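Next, two complexes with chain A in common: one pairs it with chain B, the other with chain C.
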Partner chain A sequence: MPLPISAKKALLEWKLYLFIVPSLFAVGLFSYFPAASAIYHSFFRWSGGDVKEFIGFDNFTAILQDHVFWNSFITIGILVVANVFKMIPSIFLAVLIHRLTSDRWQYWYRVLVVLPMIVPGLVTLFIWKFFFDPNFGVLNNVLDATGIKTLLVSIDGLFNWGIFQAGIPIAWLGEPSLIVPSLIIWGFPWIGAVGVLIFLAGLQSIGTEVYEAADLDGVTPFQKFLHIELPLIMTQVRLMFVLMIIGTLQGYGLQFLLLGEEGGPGGKGMVPGLWMFNRAFLAGEFGYACALGLFLFVFILILTMINNKYVRVDK
Partner chain B sequence: MERILNTIGLSLLALCFVISLSRIAMLNFGERTEAGDKVIEIRMAHWQLEGGIRTAIDAMAKEYMKRHPGVRITQIPIPERIYRNWLITQLVGGTAPDIIQVGMGSTDEHMARFFVPLTDIAQKPNPYNKGNDFENTPLRDTFFDGMLGGFNQNLLEYYGVPISGHTTRLYVNLDLLEEITGSKNLPKTYEELLALTKQVDDFSQNGGRQIIPIAGSRYNSPILMNTLFISQTQKKMLELGPPGTLTENAARTTEALFEGDWGLDSHEVRSGLGLMREIAEEMQPGFMQVTRDDASFYFVQGRALMIVTGSWDATSISQQAGFPFAATQIPLPSKQHPHYGNNVVGIFTEAGGTAGMSLGLTRASKHPEVATDFLLFLAGRETNQLFTNTSKWLPSVLGVEPDPQAKPFMMQAEGYNPGFPLVGPSGRADTNRLIANNFHLLVGPSGSVEQFVAAIRPNFIPYLLIDLEREERVIIQGIQRMDVQLAALAEVARSKPEDAMAQAKFDMISAATSARDRTAYFQQHLIRKAKDRVQQDSK
Partner chain C sequence: MSGTKMTKSVGGRQGRDWPKHILIILILAVELLPFYMMLQISVKNNAGFLASPWLPSNPLAWIWQNYVEAVQLVLPYVANTVVVAVTATVGSLILALLGAYFFARYKMPFSGFLWAAFLLLMLLPGVANIVPLFALLKNLNLLNTLYALIILGIAGGQVFCIFVLRNFIEEIPKDLFEAAEMDGASHLAQLRNVVIPLSGPILGTLAILLFLGSWNDFLMPLIILRDPQLFTIGVGLIYLDGEYVKQWGKIMAAFFIASLPLIVIFLFTMKLFVRGLSSGALKG
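This part shows the complex of A and B:
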């Protein structure tokens, strides 16, 4: 912790503070002003024009009775839990790259992981959309070719789901019960370049003496992962965890592109962000959408605070 | 060596920076004409990314710039998927282009607040018709629809200049049709269409290629299904009273719904939904998850025999399809159909159709007089001819000869009024969401009409009520906005009785406000009826 200094000393070279003014101005204009505007407009019935009617807390009380909004948290809850598991492949890949003895190969694997980042996210989304195509998509072709489809049809017959039927291609995004599984499958094998690089940075800070000591003690590779590597990259895991929660709760691009503005059949793909978008741009209820955004902000803030308080990393 | 490479890299970076800087400076300080005047830039945004349209707009812009060397027209094509939010953010943010295509995502309030009414210019002759027989004709009378495509029914003002006509058609791959049926005869009735789809199924099952009878998507399928649905409410609409127009009278049909004249259990609605389900079985499984582009690919790649879409897709399809295709009116059940024929009056007239691709002038325009002039240029007969020849789209101006490729899409004037849809105006966000969220129950492999109706029944009227209340708020806000203007004009007219212009403007706005008042009262009447229905249903 830096030592406290007197106000006189702090203001001795006051001109230096001017250097942060442009940054402060930009942050204020582009981050805080829109947020403040959203807070202000959440108290109005406003449809994006210049006419607005002050309605106090009506938008917030309406949120409490908005079953679409609350139901969307069920979907988002499932996606958050799934995303926790979807972090595992990135951790494993980072460990595998870290353990490569050849620096040259380590470099090339890092390049291979980073390369897909060049492909715009939208292109990846479109490719996946094609994978899910019921008639010509890769996913259904693979399931047909491997016989998994037949297995799924048999299981369906046992439990009477009515989802998988012989001779009818699986409508991954057209059948309500398959929407959340499709959103989970999306991105397989779930290796995020940013995640791998962050975990790798954490792994590289582990001293070689730790590994040497472990080798002398006859520790197996898996035990090394469990008792050395994983505990020592928990700071990075926690960072990714927080970013993932925020990203999942705020995000709606995937659902919007794959399922449309209504959240797909049965509204099963409706997430809070998409509902906010729907209210603003389809219903023209911008004031209500601002209130939803504010609600979401508070929710994420509370989750992050809980995470910071209870998900501790003991070094 | 490293030093040389670094120098090259730095030089390249510096060069790019200088080019970018000069470009920005040029845009900000403005280009100059040869005479030294500042070049005026008019930006025009639209969502028509279909083949041919951007080329046509470029051709028209080029022609305009040739006549007006001091003006540069810049086209901004925006994808349909994001148009709605792009438009609103641009309007609210004050960064909207001069000219914007209207009709998607712009509410009445947005129109009144952010767009310039074009009623004045609609009532005067178009200078770009000088020399032809429209020389002295008011602009609005030069369009086949009386410029209704640019008219806002609630605000009672013209807010757009429409430059194209459009119809919806069933497109058929002729080579494939001949291969499957041995002839090139197009289906004329729903019965023939269904028989053709059975032939396609047989063809696929008997060792032929796997062919989809009708390529469906969440964009294309509703066009076909809604057309079939309204064939079943055709007779009912006439029973509800003369609609007064050649299209649906949404207010009247909504009122009739609340009065119990029709509903989810009436046989017309059940028949319409039954037709929708029946035709859905002839599209590829899971079609509601497929987008418009994917469905078009199925058709142009020869994987589907037919597709239903608008005349706006004809150019794109002809550019991509390696086969001849024909376009015909969507076949409806004939009056002789044993199950569906009883509700049908006859083929639909397309005479009630309005012109499309309506272009509005925004208040954010720095050069409204130039932008208005460009709009008038686009609406001139000569320019509209250039438009149809280049884009192959239907023209909107009377007397313009459609391009031969556009002729199969010309509106068929003969026929009867179409019926009414289940939901009505597309702006009814919550009711439309209810339908969209449960549509799989109607068209899914294990769905049925009963399941669909049972799922939407509890919320159908309540959601309609929410939508109506929202519409009413928008109408009231529109009236409130005009009050200030009306009061100011009244004061001017009182203090300066000699100012005939102020008096005329006052009279016009006063008449428009009275009409809006009537609309608001009728909306409140509908809301009361809806509330009564909700109460009745809850008992």
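This part shows the complex of A and C:
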């Protein structure tokens, strides 16, 4: 803990305040001021310049009737749910690595898990975009070779979707009803490097004797996971869960890179953040974009508060 | 869970690890597939790729021309990004060290209030800020400059770094500070001679995280930069993706060059990456 200090001594140590000034200035100008400016400008019709017109709550009433925005919330809801399931492979891999007896192998597998981080996220996304390419793409190649394509075509025949047809390459990012599935599939097998490392750090507190005792009792590997490993990494799982939800809700880089500013064909990949970006920098409706951002902010804030109340992340 | 059936065959903690090894290697192989594809396609042309999409081509037939062209395209972007990422990382750490020292050393009047002001920013999602930030940079005449990216990088890194560093500095035994004070060391000297020598690993971890963040950023650069000669790697690749859709070999070579600085850093700091990330990320 920092030492308590008397007012008199604090006066002598006034120079210490100079230490916090640069950070405070940076944060004040580039974090607090824009936040305040967003609140202020959400009441204006404003296109980013000096001219603005006060319109009261018009921007907010416009949000209520904005179908694109509400549909984007449904899309992001689906993606959040999908991302919950996409946490499973990371947990699974962490448990597998942890159960290895050899520390050397554990270390080298960790290195391999971290390896994807050295390729910029943007590049990984672009490579996936290439995988999705209907003609050159690797994904269609794999589906053809493994016979999954044939399966998809026959399922399609059953339900008459008309999406998967024999002999026609699947247009992953071109067919409106495949946009959301593509946004979920990308990154398969969904190993998050930071997640795996954090889970492994949590698992490290389990001693060998716990496993030995479990073995004597004839506990199955899955029971071991449920009763020994999962409870111990619950803190880490919750932490990743919270970070994932906040990240997914405000993220739009993925959709922007794979689908473009309009959210792909039919706008099926439109998410709230992208719609805000779109309104500001394509339509020039900065005031409205501020209102959208504010709405999103309050939404995330409420979720965070609910989360702090019911899902405690103990440090 | 899909894999539970498979783990059933796995026995105790000792021995019989090979099914786990096979599973882990399978998962990691699929995970690393994009990078394998990037590397092997980067030395093929489109015809070569279509003829054999999966296997690497004969090393004698590798098309190095892809790299020659990719370097010309991407190198200026890489240079810009290195300038931005290095300056922003160093700047962030210097400011954060000063700030963390302020919070950790004494409980000064107002420091509780200031601390709350920093913590509040952790709750503030950046998403609402991007539009007014653009207008602010425009008013400051910083649009279309690399300075804007550096300043935003420094400001954006403050909360997290101060949070981590404050905890770290508080753990340093008070005797060390008092001894330095006896010798007449100023606060700045104490920071330099006591804090910095002890905080190598944590500074390294934070530096890696900041550098990665800067390197991966593309939304702010996309809004801020207009001149192609100022493009950072993020914006550069977005434009490249639009222009050279057909030449996959060249694009993959450009992707590889875009990753090169991170690969070099990784080779030198592998331990910091692997150990530091797991402990450092938890503290945040």
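One rule holds in what follows: the second predicted complex is superposed on the first by the 273 of 315 C-alpha atoms of A that agree within 3 Å, B and C clash if a C-alpha of one lies under 4 Å from a C-alpha of the other, contacts with A are read in each partner's own complex, and residues count from 1 in each chain.
Just so it is clear, a contact is a pair of C-beta atoms (placed from the backbone, for glycine too) under 8 Å apart; a residue touches a chain by one contact, two chains touch by 3 or more.
Owing to the predicted nature of the structure, the values given are computational and were not obtained by experimental measurement.
Superposition model on chain A: chain B and chain C are shown in a clashing arrangement. In the superposition on chain A, contact of A:162 is made with chain B only, not with chain C. Within the superposed three-chain arrangement, the count of touched residues of chain A is higher for C, of the candidates chain B and chain C. Contacts of A:107 after superposition on the shared chain: chain C is touched, whereas chain B is not. By the touch criterion defined above, A:144 lies against neither chain B nor chain C after alignment on the C-alpha atoms of chain A. Of the two partner chains placed around the shared chain by superposition, chain C is the only one that A:92 touches, whereas chain B remains out of contact.
Once the two complexes are overlaid on the shared chain, A:277 sits against chain B and chain C alike. In the superposition on chain A, A:174 contacts chain B only, with no contact to chain C.
With both structures placed on the common chain, the touch criterion links A:48 to chain B and to chain C.
Remark: of the candidate stretches 60-68, 222-230 or 258-266 in chain C, the one overlapping chain B after superposition on chain A is 222-230. Residues 48, 129, 136, 277, 280-281 of chain A lie at the contact with chain B in one complex and at the contact with chain C in the other. Against chain C, in their complex, chain A makes its touches with residues 1-5, 7, 10, 13, 15-17, 19-20, 22-24, 26-27, 29-35, 37-38, 41, 48, 88-89, 92-93, 96-97, 99-102, 105, 107, 109-124, 126-131, 136, 138, 141, 188-189, 191, 193-194, 197-198, 200-201, 208, 211-212, 215, 220-222, 225, 236, 239, 246, 249-250, 252-253, 256-257, 273, 276-277, 280-281, 286, 289-290, 293-294, 296-297, 300-301, 304. Taken together, the chain C residues at the contact with chain A in this complex read 1-4, 7-8, 10-15, 17, 20-21, 23-24, 27-28, 30-32, 34-35, 37-38, 46, 49-50, 53, 95-96, 98-99, 101-109, 111, 114, 117-118, 121, 123-136, 138, 151-152, 154-156, 158-159, 162, 170, 174, 186-187, 212, 215-216, 218-219, 223, 233-234, 237-238, 241, 248, 251-252, 255, 258-259, 262-263, 265-266, 270, 273-274, 277-279, 281-282. Contact residues on chain B toward chain A in their complex (touch as defined above): 84-85, 88, 91-92, 105, 107, 109-110, 112-114, 212, 218, 284-291, 294, 303, 429-430, 432-433, 436-440, 444-446, 470, 473-474, 477, 480-481. Those residues of chain A lying in contact with chain B across their complex are 45, 47-51, 129, 132-136, 162, 165, 168-176, 258-260, 262-267, 277-278, 280-285.
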